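You will see chain A twice below: alongside chain B first, and alongside chain C after that.
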Partner chain A sequence: MQDLVIEQTQYTPAISMLTEGKISLIGKSYPENTFEFYKPVIQWLNSFFEEGSVDSLSVTFEIIYFNSSSSKVFFDFFDVLNLNKEDKNIHVIWQHDVDNESALEAGEDFVDDFPDLNITIKTTD
Partner chain B sequence: MNISAIKNIFDSEGIVFLVYTGFLSQTVISAMTSSLEKEAEHGGLGISESTHIYTVFIEMAQNIMNYSRAQWDDSHQPKPEGLIVVGKYTSGSGYYVQAQNVVLREDKEKIEPKLIEIQSMDVDAIKKRYREVRKSGRDVHAKGGGIGFYEIAKRCSYFEYQFKPIDNDKFEFSLTANIAKKKELEN
Partner chain C sequence: MEASPLIEEIENLKNSFLQVSDRLVKDISRQEKIMLRSDRRQKKEYDELQRKFAEVAALQQEIEETQKEVIFTMGAIGESRSKETGNHVKRVAEYSRMLALHYGLTEAESEMIKQASPMHDIGKVAIPDLILNKPGRFNEAEFEIMKTHAQIGYDMLKHSNRPLLKMAATIAYEHHEKYNGTGYPQGTYGENIHIYGRITAIADVFDALGSERCYKKAWEDEAIFNLFREQSGEHFDPKLVAIFFKHLDSFLLVRRQFADQF
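Right after this comes the complex of A and B.
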């Protein structure tokens, strides 16, 4: 499998998914067809767990704001991580601006929804 | 069209940041979101209240893009057009996002029970339901996760809506979401 890198736009985040076990999604997320846009992302993630040879995966989310369908896709993304948590050492960082309460709350919701995942919420000053 | 009269209406309704009527596309929505970001920066809005405004705006605009129908012809074809207004109350109480578009009766029958339900809930119950519905995936459809109205409701202090009949099959749906100004910024 190959790295997946998607450039940032005004309404989609910069996405980097590296076979060495590093993923980051940084920016805003409100695509027109959210499920279609994130299809390769979810596919890459599934392939990583099926074929990937590295033992650990680190994921950074730094999403300033997002539409509700992106929220559903992020949930599904966490769900894939959760299903594979026994096989790989997974660490998720949910990064948010210190004043961005909704981003903090979104991260806390994922911590509550996936109590067995290793998720760290970090603030940017 | 009397443009001064339109301006007078806007001036009497507080500070209007943005008004759009016509076809909505992703490019237009993205450009308007950028202009709201500029407005927020200019007005010194905090990140929390400004992201509430953007999210509610995007949610409403994408709803219009996905569900709106043509008003002036007899077809039931989708037509991504509507009216959307974002502004600030002169009373200083906060911000509003308003949207109006045409929906079919069958869409009204899906939307209205959800809105009635949300209006009967407090914010904690709304947040809880949002997570339940997101987790269950029960309202997922081609264009979204079925949680858009919960997303809007989470971010506003209250909302109002109306369905005005156009004919037997079509309604003019209007929704106003009010976003409270952060307390510490009022001083």
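Right after this comes the complex of A and C.
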């Protein structure tokens, strides 16, 4: 398996998924076809848990604005993490800007919904 | 027992049905949760955007107000050097707007002319006091120096990329041109003179003649009207003179509204 790196655009975040066990999604998420856009991301994640050889995974979300479909995809993403939390040491960082209240609330929602996942909310000043 | 394989099969069906419906219920309620949260989040973002738009609009207005004030002040400086009163600038501005509008320019362009026309004499900041404040008539050499204010005003403003200042540059440059080609600094004629210049020329002269100055009395209205009729097609664009007479009442109203107080 290989690293997956997707450049940031006006509507989509910068995505970096490294086989060494580091994932980051940074930017805005308004893809034209959200499920199509994130398909390789979910695929990569599944194969990481199937084939990956490292023991831990750290995930950073730094999503400023996102549409409803992206929110559904992020749920699916957390689902996959949740299913594999016994096999790997997973740590999620949900990063949000200090005056972006709605991003903070979205992060808190994920903490509520996935109480068994190790999710840290970090505030950028 | 004979029925047991059937029962087993039914049990299995029941179980898998329960599993599937469980997942469906979970999916549907999750879907609702996602939509609810998204709606709430997007409303927040919408509010935030509205707030930012309002901020931008306020800034925009601030910039425009500042620009208007700077331009008006520049015009007032020009006029203060030329024995004119502050209200002269306001009247010329308003006459220019009305002429532009009746001539057929758009509302927006006419409003710009109103703001730019007060700067027509800004070049006078460079004319020596001795000449500017001289009571009575200029001799020929003095008049030549006086005339340079059009070119100087143009040179002061021409480098700007702002539409309003570009317009002001044109007005400063061409407000002393005459329709028959005997004006200055270029001596262009007819519609080769920019419409902004032709408009400001008539607005400026109408107001200057009707105002009392330390070196002259105000002209009687009839004398001004006679001069305008005479100078239609000579000093002034005949179309603009026609507009002036057609809407004479509104011009006189503006003159009363912005009358000088003594």
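Note that in this section the second predicted complex is superposed on the first by the 125 of 125 C-alpha atoms of A that agree within 3 Å, B and C clash if a C-alpha of one lies under 4 Å from a C-alpha of the other, contacts with A are read in each partner's own complex, and residues count from 1 in each chain.
Basically, a residue touches a chain if its C-beta (ideal position, glycine included) is under 8 Å from a C-beta of that chain, and two chains touch if they have at least 3 such contacts.
This is a predicted model, so every value here is computed, not measured.
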Comparing chain C with chain B, which touches more residues belonging to chain A? B
Regarding the shared-chain residue A:Ala106, is it in contact with chain B (first), chain C (second), both, or neither? second
After superposition on the shared chain, which partner residues are touched by A:Lys72: those of chain B (first), chain C (second), both, or neither? both
Determine, under the contact definition given at the top, whether A:Lys122 touches first (chain B), second (chain C), both, or neither. neither
Which partner chains sit in contact with A:Lys39 here, chain B, chain C, both or neither? Use first/second/both/neither. neither
Pick one for A:Gln10: touches chain B only (first), chain C only (second), both, or neither. first
Enumerate the residues of chain A that count as touching chain B in its complex and touching chain C in the other. 65, 67-68, 71-72, 75, 101-102, 109
Could you list, by residue number, the parts of chain A that touch chain C in their complex? 65, 67-68, 71-72, 75, 101-102, 105-106, 109
Hey, which residues of chain C end up touching chain A in the complex? 30-31, 34-35, 37-38, 40-42, 44-45, 48
Interfacial residue positions of chain B with respect to chain A in the complex: 26, 29-30, 33-34, 46-48, 51-52, 54-55, 58-59, 62, 65, 127, 131, 134-135, 137, 140, 142-145, 147-148, 150-151, 155
Touching residues on chain A, where the partner in the complex is chain B: 10-11, 30-35, 64-69, 71-73, 75, 97, 99-103, 109, 112-113
